[in-house]
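Letters A, B, C and D name the chains as they come in the text, with residue numbers starting at 1 for each one.
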Amino acid sequence: MPTNPTLNLGLIGAGRIGRVHAENIALRIPNARTLIVADVDEAAAQRCADEFRVNFAVKDYRMVLDSPAIDAVLICSATHTHAHLIQEAARAGKHIFCEKPIDHNLTVVDAALAAVDAAGVKLQIGFNRRFDANYARVRRAIAEGEIGAPQLMHIISRDPAPPPAEYIAVSGGLFLDMMIHDFDMARFLLGSEVTRVYAAAANLVDPAIGEAGDVDTALVTLTFANGALAVIDNSRRAVYGYDQRVEVLGSAGAVRTENNYPNTMLLLGPERIARDLPLHFFMERYQESYRAELQAFVDAVLNHAPVPVTGADGRAPIVLAEAAARSVREGRVVEIGE
Amino acid sequence: MPTNPTLNLGLIGAGRIGRVHAENIALRIPNARTLIVADVDEAAAQRCADEFRVNFAVKDYRMVLDSPAIDAVLICSATHTHAHLIQEAARAGKHIFCEKPIDHNLTVVDAALAAVDAAGVKLQIGFNRRFDANYARVRRAIAEGEIGAPQLMHIISRDPAPPPAEYIAVSGGLFLDMMIHDFDMARFLLGSEVTRVYAAAANLVDPAIGEAGDVDTALVTLTFANGALAVIDNSRRAVYGYDQRVEVLGSAGAVRTENNYPNTMLLLGPERIARDLPLHFFMERYQESYRAELQAFVDAVLNHAPVPVTGADGRAPIVLAEAAARSVREGRVVEIGE
Amino acid sequence: MPTNPTLNLGLIGAGRIGRVHAENIALRIPNARTLIVADVDEAAAQRCADEFRVNFAVKDYRMVLDSPAIDAVLICSATHTHAHLIQEAARAGKHIFCEKPIDHNLTVVDAALAAVDAAGVKLQIGFNRRFDANYARVRRAIAEGEIGAPQLMHIISRDPAPPPAEYIAVSGGLFLDMMIHDFDMARFLLGSEVTRVYAAAANLVDPAIGEAGDVDTALVTLTFANGALAVIDNSRRAVYGYDQRVEVLGSAGAVRTENNYPNTMLLLGPERIARDLPLHFFMERYQESYRAELQAFVDAVLNHAPVPVTGADGRAPIVLAEAAARSVREGRVVEIGE
Amino acid sequence: MPTNPTLNLGLIGAGRIGRVHAENIALRIPNARTLIVADVDEAAAQRCADEFRVNFAVKDYRMVLDSPAIDAVLICSATHTHAHLIQEAARAGKHIFCEKPIDHNLTVVDAALAAVDAAGVKLQIGFNRRFDANYARVRRAIAEGEIGAPQLMHIISRDPAPPPAEYIAVSGGLFLDMMIHDFDMARFLLGSEVTRVYAAAANLVDPAIGEAGDVDTALVTLTFANGALAVIDNSRRAVYGYDQRVEVLGSAGAVRTENNYPNTMLLLGPERIARDLPLHFFMERYQESYRAELQAFVDAVLNHAPVPVTGADGRAPIVLAEAAARSVREGRVVEIGE
């Protein structure tokens, strides 16, 4: 009796997000397993292997790419290594799941995507929020015509606290590091491409961020090919926690989402009616979406089906992030493709 | 025994908003009464007088201004007559409550404001939303430091349906006719002045509006002197009804408001959980604010106190509306005072 | 030219609720006016007359009943005077609006209702909550079949704080003084009569209430002739304010209402998400319903139409209050009509 | 290097709830594994073993009890077998996790609990809702004094649809089969014992349930030793789905919970504002609580710590269910221990 097929994965990068994927594969994705985990910090690789039932922990990612047992790799290493690893993995004939962003530099991105095309392997980019129940439901509402033609959209995406200053310096900036998720979400929800970008941004949260040459607060207006208008609101710090909402006005209705909470309790006291804060940050808020995106990748590879988030989907938000950064730098509206 | 003082009002314009004020004075403002109502449509003036206990109905507004019994006038006539009437009323020594906008033309506005200054009379502009419980509560939260320094604001303001095409043609356009309330709200809530405007706008609701040279959908980004960023979202048609919300992120917290509803009932059925639509339009939604703004005007005049919405408050949103219109026309960011 | 008819009212009792009615008649009910106000405290009557445009203030209610100008009387005096005044007013041929309850004693109630019948005048009882937008909407949902056949109902009705101990002593007890509104609401919403009552009650809020021989906390289960079951929850003190909600499960759906709030603002802080407390007490919460019930009475009299809350509607909740009190006293289930 | 200890489990009963536990052990509980699964339907046992990484599938539960490798058993078989299996497992020296109810007959329950005591093994009863985030948060609010002394409680617990008629016949009736969870919840939340029960109940949902001698709709009033009053609302059918809520009024505040939903989306259309229905039934709604209760059991056994839901906790709701059934049968209030 043939057993169900299982996808053999190699994990490159055993940091925070790598461990999320390793745990999901170990516990929640029945048709995949991690055979090898590689990390330049070999002890980190070993801890990850011990915890999540991975057979081998190595220092050198090439041992992953060289292994004939590996069907696909998960690239969860530092951003500046993504494009190079994509190219090598593609040449090794491995299917690829890569965390966002592919790279900060479009030329580098394009080289990586070309290598993927040349090798004929699958590449899925880690825009996990598409797999979240709220956003997926909004997408469905739009795709199935529940609100008619989209006209106006607000995406609100605020972190509970800024990352350390040293991270800011290498992050690529707010637009590439943080808003990139929202640029992807905007394209995903509206199903149309952006033609024009205007970014108003400021350093209001932490002077250290400004000193590092970055902004921490931004409103970015997008004009879409289908005529819709959208604004993305990013802040590095909302003291009440992780704020992840969207609303879309259409010609026949509108949709709105709310944050997710650890419980539904209302506490009614003599001064106010209160509830607990939303799920604190992305690890709690988007937990299920990380599982779902990886399950989708595993299924796409096993079924020879298209991946749900393509290399082109990984490239487009980088273009928008560059345009937003230029808009701030030059204090003007930027046309895509100008 | 001295009775409490009563303010004697003359009403100029017996259309929709004039009748709202007449009814409030008759039924809900104990220390004021309408002595005369004037309208170029004398029958309309008479109907208004009959319904709301007004002694005299006349065709010529000059009979109002000439009457020594009149302490103050309410200017509720067509927009293009506002500035002229303000000047005449000021010269007649009457205190003035005038509906928004003062005029579409800043030169005309400035002449009117100069006449008010010269006469030393009071002028209050009809930005009623400042007196709404939701917006007033948000203003209080900001003014009393409940959210720290404001950083990001969204104002959503959508009508249930567009006005007739013939009205659009004389309305002054979306920014002067509709968004002017939101420009005022932005200044009111943040307590700071706008320095830069970018308007993305489109004709998505009704082709007739585009043919009349106007837009019906807009996202306007404002940069404030205090560093805050704001976006105003306007649509001439939200099929679910009048949508009037605001949210402000501050350094120490955030505030959000919801729409107002005719009841709180949830109806839980086999397909969905539903509630009735929000209060339909401004007459229902802002009913109480119309009373409150007029009560504030009456009290300010009787108590020789400052009015809560000044001529300068009436002028500033017109500047912003002009800037937004220019931003759309020229496809660029506009600096205030450029 | 015939003017619209106006109902001439006499007000008996210038206390808190009498003043609510006087203000509504003066300001918000165009087709009625109060000609006389009577109160044993003549100064109170005079203050009421001064404030609310009433021509005459008198000490003796008989001056109201004797006046041929008076079409109808509003009985807003102490509860123990209601039944007697109803009888006298009926004999004087006046239509009657009487505050609840008619009396604590059913024999006395029945004598009053007999006098009304004999005189052929109209009698409306002041169950104002039927005219509240939330409850009226729930009634409509049930009456129009939006939830099918009602099966289970919860009525929650809690005061923000108990009345003074001296009031408790003469109040008739929780069931007659407070829950009587909820007994009426139960009958109104379900459109069926109660057949069985079980009351669990306790003295948990204030020992003084127990010492006065009353309870302050109760859960009363009602079985209805149509098979539905209901529970009424009363407390003399909810520290978060006036709590007035209902929910009904039906065979095809369910309805629920929420409390009403002074504003819709959410305040999101570092510890919690909060909103302001609900409208504090019945004067704020049910303000509009007081106007609506009186308008309905005025219109019913002027139009020779049935009143919406009859004498029988006033009697039935007293029967239920008696049954609930007996259930507590005897620690058993009580059949109505046993 | 010593590895972390792992608890070796045997599963008796591979039906719906047994499979839930098997999946949790396989995927979400790192320190336990299922070594054997037994079911009288051997094919069901085999399917369960295949899917959830269980080594052995057997027909006879005695093979589980006889295995020295087994530390603890999960009793997930039909209710009438629970007590007997508890006794046998206790004699075999196995720790026991048993689904509710222990038995329909208190004498049988007591014999089972005596066997557990005699053997000195641990017994945890499957009241999973205690581990749900909403109820756990309410318990914490009460235990930590956030609402003062509890006074009034409503527990609403309605199924989306009744079970098949053949199940009703062997279910033990609404109070033992369905409301038992709510009796446990009432004790858990208030931390006090019930002294008096009154049950109003009816057959309103499906005549077949009445023909099987059961009710499908009930309101049960509980009086607690600490003075608090509670009502439990059960219906076998809420057409809008699984309704699981609680609210508690205390002397210093109140708490309320809401249902859980698959997403937070609001859909605003021209007729209504709507959201999707709540999570459909207990498998979706309480998914996480099943994991948490089993994790708690595994940890309690491994750490030689007390279990969070004891045999006494399993017995008490059966006493209440019997009292409620008697209350309906005899149409009267029932004292616990009368």
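The rule we apply is simple: contacts are C-beta pairs under 8 Å (C-beta built on N, C-alpha and C of every residue); 3 or more make two chains touch, one makes a residue touch a chain.
Please read these numbers as outputs of a predicted model, since none were measured by experiment.
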Chain pair showing more contacts of the two, A-D and B-D: A-D
Residue-number overlap at the subunit A/subunit B interface, same or different (half cut): same
Farthest chain (mean CA position) relative to subunit D: B
Centre-of-Cα separation between subunit D and subunit B, whole angstrom: 58
Whole-Å gap between the CA centroids of subunit A and subunit B: 43
Whole-Å gap between the CA centroids of subunit A and subunit D: 39
Touching two or more other chains - residue numbers and ranges from subunit B: 238-240, 252-254, 267-270, 276
Complex interface listing, subunit C residues touching subunit D: 149, 151-152, 154, 156, 158, 196, 198, 200-202, 204-205, 217-219, 221, 223, 227-231, 233, 235, 237-240, 243, 249, 251-254, 331-333
Touching residues on subunit B, where the partner in the complex is subunit D: 238-240, 267-278
Subunit B-touching residues of subunit C, taken from the complex the two chains share: 27-28, 30, 133-134, 136-138, 141, 146-147, 252-260, 262-270, 276
